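Only one structure is covered here, and it is reproduced in the block below.
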Amino acid sequence: MTPKTNAGRFFEDYCVGEVINHAVPRTVGGGERALYHALYPARAALYSSDEFARACGLAASPLDDLIAFHVVFGKTVPDISLNAIANLGYGEGRWLAPLWPGDTLRAWSEVIGVKQNSNGQSGVVWVRTTGVNQRGKAVLSYVRWVMVRRRSPGIAPQTVVPALADVVAAWDLVVPEGLDFSNYDFALAGEPHRLGDYTVGEVIDHIDGVTVEEAEHMLATRLWQNTARVHFDVTARDGGRLIYGGHVISMARALSFNGLANAQMIVALNGGTHANPCIAGDTVRAWSQVLDMAETPAPGVGAIRLRTVAVKGDGTGLKGADGRYLPHVLLDMDYWALIPV
Amino acid sequence: MTPKTNAGRFFEDYCVGEVINHAVPRTVGGGERALYHALYPARAALYSSDEFARACGLAASPLDDLIAFHVVFGKTVPDISLNAIANLGYGEGRWLAPLWPGDTLRAWSEVIGVKQNSNGQSGVVWVRTTGVNQRGKAVLSYVRWVMVRRRSPGIAPQTVVPALADVVAAWDLVVPEGLDFSNYDFALAGEPHRLGDYTVGEVIDHIDGVTVEEAEHMLATRLWQNTARVHFDVTARDGGRLIYGGHVISMARALSFNGLANAQMIVALNGGTHANPCIAGDTVRAWSQVLDMAETPAPGVGAIRLRTVAVKGDGTGLKGADGRYLPHVLLDMDYWALIPV
Amino acid sequence: MTPKTNAGRFFEDYCVGEVINHAVPRTVGGGERALYHALYPARAALYSSDEFARACGLAASPLDDLIAFHVVFGKTVPDISLNAIANLGYGEGRWLAPLWPGDTLRAWSEVIGVKQNSNGQSGVVWVRTTGVNQRGKAVLSYVRWVMVRRRSPGIAPQTVVPALADVVAAWDLVVPEGLDFSNYDFALAGEPHRLGDYTVGEVIDHIDGVTVEEAEHMLATRLWQNTARVHFDVTARDGGRLIYGGHVISMARALSFNGLANAQMIVALNGGTHANPCIAGDTVRAWSQVLDMAETPAPGVGAIRLRTVAVKGDGTGLKGADGRYLPHVLLDMDYWALIPV
């Protein structure tokens, strides 16, 4: 047996300032779109119909924003999270251009922070990941931080904790070129609610639930070329296969159609926490809270800041008295979406 | 919690003459086709090969006729059957134009009948649904009737029961423009049987069986953007997830290739009954009976009227002495298909 | 019940020299590609990115070589292996042209050998199968031999056992037109190892494992229009559904990315044995051994001959003292792949 295979990086392999080019560029198209619709109850009209997208000023229906996220995320796994103990959080995520059928994505990550844990056996690594298309245009950028094992005990590197914004400022949101909601067809979109119909603080229960199956989350996770063993190999972890956190993100987002049908495009990921593991057999539900609203320069286009929480089972509440997420909470995500004003 | 989500319509919300425009238009293409072939053992040559379709006078291989049906049906669910107790039947279904990759479908339904049940708590609603493509051309039209709950007890509306034809007349079948079976390649199609090789009354056992899985029927049902909770959420119904009836329709139709390989295009749905629920683990088989035959004006193109029955398990027979379907019968469908003469 | 359905051929129906044209030509495209990536952890850059493929001299990213194999194999099932007792082996497989999105494949098989078993109830049939595209260009050719039941006992036909090469000679490998690895980007491809970094005899453990699910192998097998009942109908065989052997081939090949990321294109299948059945719940792993190396006339393009072995569970070793495969071995495959020198 020879060392031809990738054992992944360990904590001591990350150096602030290093740029890691991720392997295996990926061309995506109508096949990935169809699978996305089969895997998640996604119904946003802008991502379902070329005609609807054209009526909103786009050339055609782009691929779902989270396809861009998953493909880029998948590229990073062999370099960033193969030896991760935990995927701790996301921040400063911005969608910078739509992903069109036929586009090819590649990605790189810059190491922007490291902090060894006091046990000397692991540490936290922060990376800023950028995904670009075949024209060199950035499609997506986000920060992720993970806890990674050390290969062997050793002296801690200089701690660098990046200063991250709690939220992407509304004026930093990138509205896709040409987007125009002036003549938005609410009937075709599925709900009558425009930005002004929501109020900050309002909570929406998305009602629907999906009981997830092993075959489904594996199909999804492979589609994004995410190679982490725990998602596929039942022997890799006590308790069976762990569902890729991004599967829960897409499930929650798709479920949120029921009440947020017009929150069409995700343009920023302010934060996100995978609060508890999700496994096959769990029934995933979601609720959202309106956190903020903003204008954009594009005609008829506003922005809504949402917290979407995915839960399993019947528990209620978010965090316990100790400030920790309750066991039924799977995901707590904070993002901006574009919506007709 | 605010009333942003769609609670669906109740019996008293339907008014004869009303036209309901369904939301979320949908562009379909090669991705949906590939998934259809992965989900069902579909092998009809006209829907498998562009070359075969061109040799039959078409521009390319259209998407399977049942993709059009499922997409249109899916659009109607939030408006018609979210509070349905039972999907009672189909009739007067006609395919009016092929569905091509890249087409965008939208749909509306006209309420054509209402009849409150004697218990005052529910009623039957009849709708005629039309699916049109992006050129405004009707692709599909059919009548469906469902039993829907009342929101609250109340006075029954005037009963209107539409007069529906038992069968679409042969002269009302629409043959796709250009279709020509004069030089039909029976060897490539998979079976030698032309229309004249069948006799009215003949029964064909399609032999093959498929044991259905949760992941499969959910992938299919989501692909058609059908949002009914009972198909996805194991907690929504005693006995677990109910398989979308259309999944059984497509399964039975695909299984019927073995013996009906040349019954290429579905052009009418005369009737259809979901006789018993289908759940994961059921092994679905099918048999068909030839009900009628007809000529069409297109060269070499005949029409065959078929009853296709889907069953589970090992039971035999169709109906009991009481005239009710036996418990192993899942589907009883009556349709016209185009076949070389 | 009438004899409209295909009962399949029996041993006495095969005659050396006969050419069997297989039914149902198939157009493949981006949808099949996406499903392939969802079903298997396939990551070879040449099949993932149009940009990467163009940088290697191709017009675009071809469809995975094994898609060509599976589609052609699927075509043969109704004529060759519907009554097969066992799929005994493969040999002299050669990929002759890339499969592009939009191509339509059809296939035929020539019977090149028959040998009745001494029990008089079955026999071995050898066929050479050729898959061609819509331009009449051969895409793939391979020999397969299967054990098939006799319909009824009878006199044995003249035994003909074809002389098959143990290995496709390196000079018979067809390198796709234009392929050029001179400027191959190893970082984008995912591993730094070129042909010269491997040694004959070297063994690579591909580490990763996938626990297979019923829904997945059925989706795959249907996608290739493979109709053998044992893969779909849980009642067709004691012990449940048997996973199509080709599913294991693709799984092993995809797993081999980890250590063989640059062995991009399969150009020959020297041999292959399905050593033991695979069923849902098995966790599939793979290891490979380098058997040989060769040059090709194309710039920067070498060939590596690999044995890839798929196993389930935790067993080690390949064959027992009796020369038979150990029970944990699923597949033993010998093939040539193209790799940068």
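Going in written order, the chains are labelled A, B and C, and every chain counts its residues from 1.
Just so we're on the same page, a contact is a pair of C-beta atoms (placed from the backbone, for glycine too) under 8 Å apart; a residue touches a chain by one contact, two chains touch by 3 or more.
Because the structure is predicted, anything quoted here is derived from the model rather than measured.
Rounded to a multiple of 5, the Cα-based rotation taking subunit A onto subunit C is 120 degrees. Under half of the residue numbers at the subunit B-subunit C interface are used by both copies of the sequence.
Our note on geometry: subunit B versus subunit C, Cα centroid distance of 36 Å, whole angstroms. Contact of a single residue of subunit A with at least two other chains is seen at positions 29-32, 34-35, 213-216, 219. Looking at the complex, you find that subunit B touches subunit A at residues 1-2, 4-6, 21, 23-27, 29-32, 34-35, 78, 102, 104, 106, 134, 213-216, 218-220, 222-223, 225, 227, 229, 232-236, 241. Across the complex, subunit C meets subunit A through its residues 29-35, 37-41, 43-45, 48-52, 61, 187-191, 193, 197-198, 202-211, 213-216, 219, 258-261, 283.
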